[in-house]
Amino acid sequence: MDIPLPYVKPLPPFLAQRYHGWKATTYSQNKAWFRKLATEGQHPRAMIISCCDSRVHVASIFGADAGEFFIHRNVANLVPAFAPDGDHHGTSAAIEYAVTALHVSHIIVLGHSQCGGVQGCLDMCTGNAPELEQSSSFVGRWMDILRPGYERVRDKYAPEDMAAALEKESVMVALENLMTFPFVNEAVESDMLTLHGLWTDIGEGTLECLDSKSREFFPV
Amino acid sequence: MDIPLPYVKPLPPFLAQRYHGWKATTYSQNKAWFRKLATEGQHPRAMIISCCDSRVHVASIFGADAGEFFIHRNVANLVPAFAPDGDHHGTSAAIEYAVTALHVSHIIVLGHSQCGGVQGCLDMCTGNAPELEQSSSFVGRWMDILRPGYERVRDKYAPEDMAAALEKESVMVALENLMTFPFVNEAVESDMLTLHGLWTDIGEGTLECLDSKSREFFPV
Amino acid sequence: MDIPLPYVKPLPPFLAQRYHGWKATTYSQNKAWFRKLATEGQHPRAMIISCCDSRVHVASIFGADAGEFFIHRNVANLVPAFAPDGDHHGTSAAIEYAVTALHVSHIIVLGHSQCGGVQGCLDMCTGNAPELEQSSSFVGRWMDILRPGYERVRDKYAPEDMAAALEKESVMVALENLMTFPFVNEAVESDMLTLHGLWTDIGEGTLECLDSKSREFFPV
Amino acid sequence: MDIPLPYVKPLPPFLAQRYHGWKATTYSQNKAWFRKLATEGQHPRAMIISCCDSRVHVASIFGADAGEFFIHRNVANLVPAFAPDGDHHGTSAAIEYAVTALHVSHIIVLGHSQCGGVQGCLDMCTGNAPELEQSSSFVGRWMDILRPGYERVRDKYAPEDMAAALEKESVMVALENLMTFPFVNEAVESDMLTLHGLWTDIGEGTLECLDSKSREFFPV
């Protein structure tokens, strides 16, 4: 009666081998910590919203271990505006869980250079990617969230600076949209939550932090 | 003219300190690799869909470095069914980008023990969490995706085994929904993509792999 | 007085982590075997000559463990002809050591599809890569070894079949040159050594074996 | 007209059997990855220069899979100095291809204990292997590359420590010679390439990393 899943395959052997290595070292040397995490639950200090991009390694940059950060990763580290319409909202669900169930003290939005999602948004907004304008394009509709950001940078930057400017706008749009969630707004107002915006250059290894007044990013 | 973002704060010093340590060691000793990632773009082998949970550390378990895995993390590692309705679908956008733009060879769905999202679904489906039934609950509406999974396990397990059973169902529901995406189905059919299901026990450090025929999970 | 090596960097952390995993599992579970290999020396059954290409994984294809194969890997799995001119000959040294010191019973030459070195030779021989003709090109001069192979296939194959034909010629040229080494010839003549030619298609996973009479390759 | 190769034999059945096992499991479960490697080409992160010795298994130590490392293996993991004399230089060709065509980010030289090639060099330099001094000895002429290393260690170590010291010198000589190649030097100077030196003890399973300042090796 159970339907088989013929398209599901075993784990590639090199990953199984690496897992066994992790089990025999990192896990076995920190068993007490993993046991505690299992029995007492997670108490992460911060939520991090970053990109799915394989080159962005937030745990590595911040020397993080299991239990420290509640991490949501989506294309271009975006947050849609508050919209309680009964539909499936993965990002909004993650934020709601982090703020109302886990009571994280920080939400950090981390943007990055050479972001393929942001580049797609730029191509779409400049008429160079008609396929992303189609209603059937999930990437296109997701990147619609960043359109207001494009409107803000379109007349301000030379073409060669536009992508980085829009990557930084993606962080600011995410932060602005975060504040449209009543539970986020309330936690911020009552000093239970602070928000942070970061942007990292993959090739240079630099990290820049958003300044709230100037809307500019400065090296950490 | 630019609207300030008064709720945005500087990076906490301990994170700035850790970042500077990473920059002076890991980054600086591997600068060539990061430069190459920046100039030649990412070529990740696999997409991994896992939970936001701070205790799940997929890069660590698999000894992965920057550039290896395209990682999407949401609550309970779920995938909604294909629904091209022009709305914002973060998970669907991430899958579309991984399969059609990056041409990843594997999608690995990784579930885990003590999953707060899955527990919420269980509470909701058993009438113990009316607040999650409200249309304004993002977590509740997100966990609706797992309701068909609950229907399949509800009469099969003792109460104390129910949570783990539903965590494993969340992996299978995600894989089944993945196959409703035409571009996933096509890539699987043409041998360009393989799917894998895993479940890890946080406290025990075990890793189990989904068997396609029996719908059961066996230790790796 | 010792000259420092400022360009030498520490091992990237992800490789250190993977090594520790290997040490705690594969090594520790097979310590007796590694100890024996160390104290009694290596007694490999065969020498394998294959390409440096990262996609060719001879130990994996043949389920080999430490101690089984003496493996020499160079660009395009080539063997130069016997030339005892007192110069540094890495490939000839490896063959001499395998045959006269280790007394291997087999030498297996393994070619493969999509070989960049063979493609370079083809480009060079057809006048499409003048830079490889320069005396300063190490790749060009190394691929000179395969020029006689090109002469044999140039009028026999359609352009789209030429690369695979030349990849297979690279195996045959290597085997012919092997026989110009007196110690190889003598070992073969006295039934102490057999030679084998293989070619693998990376994408299809097929393995073909050279037939001595027809000079054709047939699936294993 | 085609010259037969009477000395070429079919593949031994045990290897054919193992290949068929690999094809039905590892290959078939990862077909998508092999297809991608074939169509999109290799993008290895690092070049590894190690010894042909059957006991050195770099892919295993580092949990590597097809596509990760461009691997050159010769006797005693040596690199000759830059010498563009129009002759066949297999090692130099491999390095040129890795750096100028593949743009690898790392070159890792891996030495090891109980190295037969290094022992031969030691015997030769101490007058105990006159046969290796002959111009017709490929191994002897190849090990000439390590003579400057012997000069550096000859008065510094007790006889029982000499072999390990010279094995480590072979790594340093290789790294020093690597820097004589203009394209290596340039890539290192422009932060596109980093070099690493390692030495592994086969029996103990230890791995030591070269420290650039002290020229000593420390456990990873």
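The first chain written gets the first letter, and so on, giving A, B, C and D; residue counts start at 1 in each chain.
Basically, a contact is a pair of C-beta atoms (placed from the backbone, for glycine too) under 8 Å apart; a residue touches a chain by one contact, two chains touch by 3 or more.
Being a predicted model, the structure only gives us computed values, none of them experimental.
Peer 1: Spelling it out: a chain qualifies if it touches subunit A and also touches subunit C; which chains qualify?
Peer 2: In this structure, the chains that contact subunit C and also subunit A are B, D.
Peer 1: Counting residue numbers used by both copies over all numbers at the interface, does the subunit C-subunit D contact come out same (over half shared) or different (under half)?
Peer 2: Same, since most residue numbers here occur in both copies.
Peer 1: So, what's the distance in Å between the C-alpha centres of subunit D and subunit B?
Peer 2: Distance between chain centres, rounded to whole Å: 39 Å.
Peer 1: When the centre of a chain is set as the mean of its C-alpha atoms, what distance in Å lies between subunit A and subunit B?
Peer 2: Going by mean C-alpha positions, subunit A sits 12 Å from subunit B.
Peer 1: Note the residues in subunit B that touch 2 or more other chains, in rising order.
Peer 2: 26, 29-31, 33, 35, 63, 65, 67, 106, 194
Peer 1: Chain touch graph shape: choose line, ring, star, complete or other and state it.
Peer 2: Topology of the interface graph: complete, with all chain pairs in contact.
Peer 1: Over in the complex, which subunit A residues touch subunit B? Could you list them?
Peer 2: These residues of subunit A touch subunit B: 2-12, 15-16, 18-23, 26-28, 31, 34-35, 37-39, 41-42, 44, 47, 52-57, 59-63, 65-75, 78, 80, 84-98, 101, 106, 108, 113-114, 116-117, 135-139, 141-145, 172, 175-176, 179, 188, 194-198, 201-207, 209-215, 220.
Peer 1: Looking at the complex, which residues from subunit D come into contact with subunit B?
Peer 2: Subunit D reaches subunit B through residues 29-33, 35-36, 40, 43, 45, 63, 67, 103, 105-106, 187, 191-194.
Peer 1: Per the contact definition, I'd like the list of subunit D residues that touch subunit A in the complex.
Peer 2: Going by the criterion above, the answer is residues 26, 29-30, 33, 63-65.
Peer 1: Mind pulling up the subunit C residues that touch subunit A in the complex?
Peer 2: Those in contact with subunit A are residues 17-18, 20-26, 28.
Peer 1: What does subunit C use to touch subunit B in their complex?
Peer 2: Interface residues on subunit C, with respect to subunit B: 9-10, 12-14, 17-18, 21.
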